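Both complexes shown next keep chain A, but they swap its partner, so chain B is in the first and chain C is in the second.
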Partner chain A sequence: MPMESQESTGVDLTERIEGLLGYEVDWDKTKAILVFLLPGLTLFGLFSFGPMLYSVVGSFFAFDGFDVAGFVGLQNWEETLTDPLIINWDNLLAFEFPMGALPQNILWMILHVPASTLLGLGLALLFADLKGKRILRTLVFLGFTTPTVVIGLVLLFVYDPQAGIFNGFLRVIGMEGMVRDWLSRPQIAIYALVAGGVWVQTGFSMLLYSSALASIDPALLESARIDGAGPFKRFKDIIWPLVKPVTAVVVIMGMIWVLRIFAIVYAAGGPSGGPNHVYSVLGLEVFNSAFQVPVEYGKAMVVALIELIIALPLAAYIARME
Partner chain B sequence: MAMTGISLQNVSKHFDAGETVANHQVNLEVEDGEFLVLLGPSGSGKTTTLRLIAGLETPTEGDIYFGDRRVNDDSPSDRNVAMVFQNYALYPHMSVKGNIAYPLKVRDVTPEEREDRIREATELLHIDDLLEKKPAELSGGQRQRVSLARAIVRKPSVFLLDEPLSNLDAKLRLEMRSELKRLQSELGITAVYVTHNQEEAMSMGDRIAVMNEGTIRQVAEPEELYRRPKTTWVARFIGSPPMNLLQGTRRNGAVELASGGSVSTDADGASGDVSLGVRPEDFTVSTEPPSGYSIQGTVDTVEPLGEYTIVNVSVEGRIVKAKEPTTTVERGDDVYLLFDDSDVYLYDDRGELLS
Partner chain C sequence: MEEERTLDAPPETAPQTDLDLWTKIRYALPTLPRAARYAIAIGLAVLWVVPFIGLLMASFRPLSEIIHGWWHLEGMTLTLENYWAALDFSTAPMSRTLINTAIVTVPSVMVVMLLGAMVAYPFARFDFPLKKTLFFILIIVMAAPPELVAMGNYNTLRETGLFDTYLGLILVHVGWGIGWVVLFLRNFLLGLPDELEEAARIDGASRYQIFRTIVLPFSAPALVSVAVIQFTWVWNAFFFPMVFMRSSELYLAPQVLPMMKGRLQIDWGLVAAGSILTMAVPVLLFIVLQRYYTRGMVAAVAD
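Moving on, here comes the complex of A and B:
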């Protein structure tokens, strides 16, 4: 029997492992567990852990095209962090655009995430007791389902100096002086783009808040009314504490989403990320380094790793939430 | 403490632009310090009536008075009502203490006074050892006590309870029943209590308002409600098992029953179809032909419940229930159901009590 031969050769090894662990191991169960884990581990290794490891190792090597050309230590990291396209230290200290992709990407997060979170919460509260709430929610959520490339193209149109509806609107309300090519002005372009992109995440935020609001027992709010709490106190003391876990999810998912933003920026400003890179983001730099001549594969890996370093603690927080 | 009587005058409440009539022309007077129970099956409009009194709903028509003050447009907090919800509605993110303190905090009661009042309320309800716990850590009975403490802590003028005991197990329900009654009489607060459980209603209420289809059918003290149900509907709703109603025809001061036999009544000589009501506990089951009034039938089933036994007797194809302390009859026995003519209720063809 093959079983017996396995046992006779395997005894030493299994006993040694058990001795190391200090307790008996159920080997049949272990085998079963490994078999069931195999598909998941394969996918995880192939699409998550593998690429991460590959870029961590790769970031310490020089590349000739896509071929490894030799170990260079921290050279890729040094070059990248001193590259004005990634961080433009002088402009950053003066708070003038372009500041580089990293500060600009972080500015995206700082502006976009609170705006879309609050807008989503506001709309969810507003729609909660309305008759046509399903239709309204669907309309707002459509923003989240629209391909981001399309949103970038739409924003190009919206902000167009001649045909754009935003400038048209300004003319209608008599603010002719404000009419300009919003996406070409270095110091305001990024704000215009962030404002236009807020709608994407708002749909997501609104949907999560809506379901959180719907799960609040109406008796709690009635009880608070009877206890004497007005609308503001009901929100502050009852609603807000109960939707707080959702806020954590919305904020962190929003941060991760904005961190990886690419298509809106690319569609609106091309591979340079606007005139003179004024609203370039990290994703765009990864793309440029890896796929534009001259190919700087090591730099692409470093920038991607910077994204990962920012995103990992956020993802860990979400994963560990109860 | 300000005492408050409540008065509902022709109060109606419609939902969905009149599609649904939850309450229709409700008239009700609740006296100072009274414990009034709204009793009815589900969908009878009792909870809507309570919510109208609370101020959680606005009446479509009619007026609500607290004392002499018309409160139709007052918010719940202006009315100074406290309410205990069926699911207790404790704030899940606050501790027991936070829950009880909340109505005081909202009303800007000073922290020192808050502490005093919380201590008073929690000692009264024996929950002073639970203050730091979260609602999720409490048992059903403890949650109930916390929600009662939150209700009484701000000394409301009216105490409203919406099926507060229905989520408790049977033993706890009995315990809380007497506790609630004690609390209400000690505090002397006007209380309106909604339930579909007639035993709860009978044992707790100073008076009971029986509701059905959005209106009040009868308001009476428990004893009177049991002794003199004004309509066949109330008669069938009160009592366990409910009253038996036998079809008959009234003629010349006597009622001839469809099932045979007749009963003389002291009513006038009017004639017409009537229902004769006899409570199961007023029947005596006998196997011997009796001398007085009786109905003849065959035993269908016997339900021994320990404390008493229910004998279901088939009379002309209909089941008549009799309640006996103990019985020897068995299924298939031919029996006579004896009753006294003073225990008979007579209802006309519209279901109104005649005598």
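Moving on, here comes the complex of A and C:
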């Protein structure tokens, strides 16, 4: 606190501020709050919020390599939204891959989120009152603690034409004709990957649902059963009202997870996201634009902002829950 | 109230009958539908880990055996060759990359815990200007994808000479992680009664003393949750190392795994051994501290 300068001018700075604000300030408390907040918020500002604003502003500028070169208005946005790597309108209308990273990312979300949510709920209900449910849950949740890059490599291994167990399984059940390299077939590869994503995320939704189910009083279910309520009615009247709020969380976290997908796709299909970008996602295109030659910083920022625009309603929902 | 019951009221418990041994056993065993549920549950749980069993098998067997399916068990040879090859991988040996990963992860976790708790404390206990706005910004960053901050951080680290250094990556991880840690710890502190803090305040303790001697110790369970989840997140991170670590001697373990694929035939044994080495740390941590991990995951998103 600049005590000397206050005395030299003869005016008490703190009193002046209090005069301006119109109320007395607890200076001890203010100082304490600043001491607690500043170190953390400085790093947050420098390495999270600042870079975020930089992307927002930078998306309206031309770049010379990594440096701002001049204001170009919406040019980056126009170029990006007409870039076939982001949206390939012709293929999108024909529903043929590659459709571009944005539609592919959204398709992934549409398939992945309901599947992993329902499977998670199903497994949580299945495991709920079994002995050894902790071990069962651990097995299902294992994939969620594994690095996503390993998940991508595991999927590559599972779908391998010779060494992969998925094709091995098809051979065993006599579907020899279906055996193929699932991740290099343009029109089906993304579905194979989505299935892998669901495999991982189901563990997460199962975990959240399990903890919600644990708060249900078993006596309530038992008395409903004695009163003649069938399994469906018991689910609808007792279980569902309690797990409904969790569903909102599971869905939002699932959407954020899909929006952030990067390593799985990179590990399975390299920086291009499969042959000819057939299962590329937004995150991958940010990486390609910003950090692969030719460097297109403005485009990278626009793509990242498209991700943010999708994420904002989710953030608003989380904020409303608080 | 048991004593107040009149004689003609119905008894609380059904009369006990003596059961013969066979009936007792039958009651102790699960009923048929229940047994079927056990079978389905175990079957599904095992199905869920089959890909990891495959990974483990591939890491311990020579490529010639894996190539036609790791599930063929006849004539199985177990070898550590793949692990030695991974630890000695020419581009970036795992023996080095695992240490690099630890060098980045441990400080990233410790710093984020301390600074996160410090920021969360005023958020939970005091009112200050811009609190609502700051809070919403934290939530936005929690929902935003990491790619959004990559370009700005790339330039910042280049200009400060921190690009391609441990410190640079640690700072990026701390700045990125602090958002969710603050939200999580704030929620925890809001659920903690503040009578003890009030009492200490009346006794003349400063806010810093209260933070150190009351808030931090009472937050221990939440801090462990933060540590486990943040550790897993930083250790497993792939995108940030890819962007900010460019010298092969600074590569982190997850970053190197796709390079192990090679050009033509994928050396599954090498990839599998490298994957197992990389995932072993977070998976073991999860198994040991499962309680905290689970509680944290649920609280972080469900509160």
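The rule is simple: the second predicted complex is superposed on the first by the 275 of 322 C-alpha atoms of A that agree within 3 Å, B and C clash if a C-alpha of one lies under 4 Å from a C-alpha of the other, contacts with A are read in each partner's own complex, and residues count from 1 in each chain.
In this text, a residue touches a chain if its C-beta (ideal position, glycine included) is under 8 Å from a C-beta of that chain, and two chains touch if they have at least 3 such contacts.
Worth saying up front: this structure is predicted, and the values here are computed from it rather than measured.
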For A:Thr247 in the superposed arrangement: first (chain B), second (chain C), both or neither? neither
Based on the superposed arrangement, let me know which partner A:Leu207 touches: chain B (first), chain C (second), both, or neither? second
Applying the document's definition of touch, where does A:Ala219 land relative to chain B and chain C: first, second, both, or neither? first
Check whether A:Gln104 is in contact with chain B, with chain C, with both or with neither, and answer first, second, both or neither. neither
Return first, second, both or neither, reflecting whether A:Val140 touches chain B, chain C, both chains, or no partner chain. second
Does chain C touch more residues of chain A than chain B does, or is it the other way round? C
Touch test for A:Asn76: chain B only (first), chain C only (second), both, or neither? neither
Just which bits of chain A does chain B share with chain C as contact spots? none
Spell out the residues on chain C that touch chain A in their complex, using ranges where they run on. 37-38, 40-42, 44-46, 48-52, 54-55, 58, 66-71, 115-116, 118-119, 121-122, 126, 128, 134-156, 158, 171-172, 174-176, 178-179, 182, 206-208, 211, 232, 235-236, 238-239, 242-243, 254-255, 257-258, 261, 266, 268, 271-272, 275, 278-279, 282-283, 285-287, 290, 293-294, 297-298, 301-302
Applying the document's contact rule, which stretches of chain A touch chain C when the two form their complex? 28-30, 32-33, 35-37, 39-41, 43-44, 46-55, 58, 66, 123, 126-127, 130, 134-136, 138-143, 145-150, 152-158, 160, 162-163, 165, 168, 199, 202-204, 207-208, 211-212, 245-246, 249, 252-253, 256, 259-260, 262-263, 266-267, 270, 282-283, 286-287, 290-291, 297, 300-301, 303-305, 307-308, 311-312, 314-315, 318-319, 322
Of all residues in chain B, those that touch chain A in their complex: 54-56, 75-77, 81-83, 85-87, 89, 91-93, 102-103, 106-107, 150, 154
Touch list for chain A against partner chain B, complex: 217, 219-220, 222-229, 233, 237-238, 241-242
